[in-house]
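The two complexes that follow have chain A in common; it is paired with chain B in the first and with chain C in the second.
The block that comes next holds the complex of A and B.
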């Protein structure tokens, strides 16, 4: 059972009840997290990822599932790893919460 | 009525008795003190501020503060002064000669800790042609020196320490109080603007030697006139540097304003939208300088190249 759980990819979802507000200033992107009151400067790819998550139904996403949704394929290990790093970073910022598989 | 109209006997009587009531920008203060040094500093630095005629009805005072000598054995051994706000003591006592500087620092604390109807940013702010230039920067960067230089070359002082932004309108609210200068900056401004009036020199503070410059009369007279954000400038004094303006991306400028804000988190989405709207309409830059006259001329030319807002 434990091994089965460990084999499942990690998942994240947006903080419940915390709408994110996005703004673009020049070519830079900002996000305001109403739940924490924090503002963050985002890279273009980070902004695209968060924007995508905030536009989806409230659900949990793994990196491979996101890769599938964004690129139409989930086999690119480097891209999945990069997505997972971004998701972990957003978790540290309090924008996402991890979800137990 | 201007405070300068009070003679020294009347000023001292008010300070020692019911309190000196005066307005600075959007706040009314009631100050009491038995100390001659505090009376002299107020007479020098707040000469242009509004106070009340004898017998005039008192407005609600936002801050009731007192600076006095600590009683007891401290009167004899390294005398100290204490700042009180509504009879509370928010700070440890300081050396008695620091009393008038302590009043200034205490008033900064009063505003930054309580005036949450505004977004408050730790930054100097000056205005020309209806546009405000916000100067956030860490201590030692030359922020207050540049601010003092600009207000002695035709810019209006809104504040040298606390930028107040109305979160509803995005307008910048004046708080034209004395400009705090430290160490070499004092001599620099005295040479740059010999007509500028200074309060006492306060030596051996944690910041070194400190003196406050009286805000220009025209800045105080216009201290209910708000301004729009025109520039966000991060100044840095660098010895022997030619003036060096470097464009700064607005996203980074906004994050730096957030980092320098006292109470941004209290304003939630409204604060985010207001700062974004303000910065989107402003020019943002980092600015290195060593020659104050050149720096002032640069910014004046920049401001005068634009249509005045009012």
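The block that comes next holds the complex of A and C.
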């Protein structure tokens, strides 16, 4: 049982009831997090990722599942690792919350 | 035979066009993400909370976040503004918001409860004579929060009701957090009324 739990990939989702507010200024993207009061300047890839997640608000995502949904593939280990790092980074900023398996 | 790509009204042409657009979108996304996610997805963070004066109130989910927790109760007495306390609302001459009267039953305002259901909102605000210390204090606070919610959006009426029923059921947990103990529910409600609270 413990091994089965350990094998489950980590998942993240948006903070419930706390919608993100996106703004584009020229070629830069900003997101305001009402839960923390912070505004973040996103990279283009960060914006693409967070925008996608905000469109699937109620769902929790693991990195492989997100890779599959975004690109139609989940076998690229390097890409999945980059995704997971980004999800963890968003978590540290309070933009996402981890979901316990 | 018509070429579907030349006649966008053809169902096949529409499907093909949608499929092409989706494929193009996915390819653009692939280039963007595979090239970009190696770097940090956030380039800069600006904290925009006011240092003095009113602070925008946070809902229960925001209240539990580390950012808010660090600020609430910090030197300077940060809280989320000046909302009325139970004693303010019960005072004679204070006008109550539309939709609420002093004679309204607690059970009408909080339909999921039996505790204090037969008391009026004014009686609850003044302090029920029965129940535990937490029962009395949290009931007073949720009535004040309910009246405060008429002029604010956070916490919402539903969130206030959820706090009360969650307290009674010992199952209030915003987001994925652990169940809030009564002490945290009290802290949050007091925070929404301008009382600076501290965290261990």
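Just so we're on the same page, the second predicted complex is superposed on the first by the 100 of 101 C-alpha atoms of A that agree within 3 Å, B and C clash if a C-alpha of one lies under 4 Å from a C-alpha of the other, contacts with A are read in each partner's own complex, and residues count from 1 in each chain.
By definition in this document, a contact is a pair of C-beta atoms (placed from the backbone, for glycine too) under 8 Å apart; a residue touches a chain by one contact, two chains touch by 3 or more.
Computed from a predicted structure; not experimentally measured.
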Exercise for the section: Identify the partner contact of A:39: answer first if only chain B is touched, second if only chain C is, both if each is, neither if none is. Expected result: both
Exercise for the section: For A:65, select first, second, both or neither according to whether it touches chain B, chain C, the two together, or no partner. Expected result: neither
Practice task
Considering only touches as defined above, state whether A:98 meets chain B (first), chain C (second), both or neither.
Solution key: second
Exercise for the section: Determine, under the contact definition given at the top, whether A:23 touches first (chain B), second (chain C), both, or neither. Expected result: first
Problem - Per-residue contact with chain A, leading partner among chain C and chain B - result: C
Exercise for the section: Examine A:10 and indicate which partner it touches, taking first as chain B and second as chain C; both and neither are also allowed. Expected result: neither
Exercise for the section: For A:83, decide between first (touching chain B), second (touching chain C), both and neither. Expected result: second
Handout entry: Footprint overlap on chain A, comparing chain B with chain C
Key = 34, 37-39, 41
Problem - Complex contact set, residues of chain B against chain A - result: 249-252, 254-255, 258, 264-266, 268-269, 272-273, 276, 279-280
Exercise for the section: Give every residue of chain A touching chain C within the complex, in rising order. Expected result: 15-18, 34-46, 48-50, 70-72, 76, 79, 82-83, 85-86, 89-90, 93-94, 97-100
Completion exercise
Per the touch rule above, chain A residues touching chain B in the complex are 21, 23, 25-30, 32, 34, 37-39, 41
Problem - Parts of chain C lying in touch with chain A, wherever the complex brings them together - result: 26, 29-30, 32-49, 56, 58-59, 61-62, 65-68, 174-176
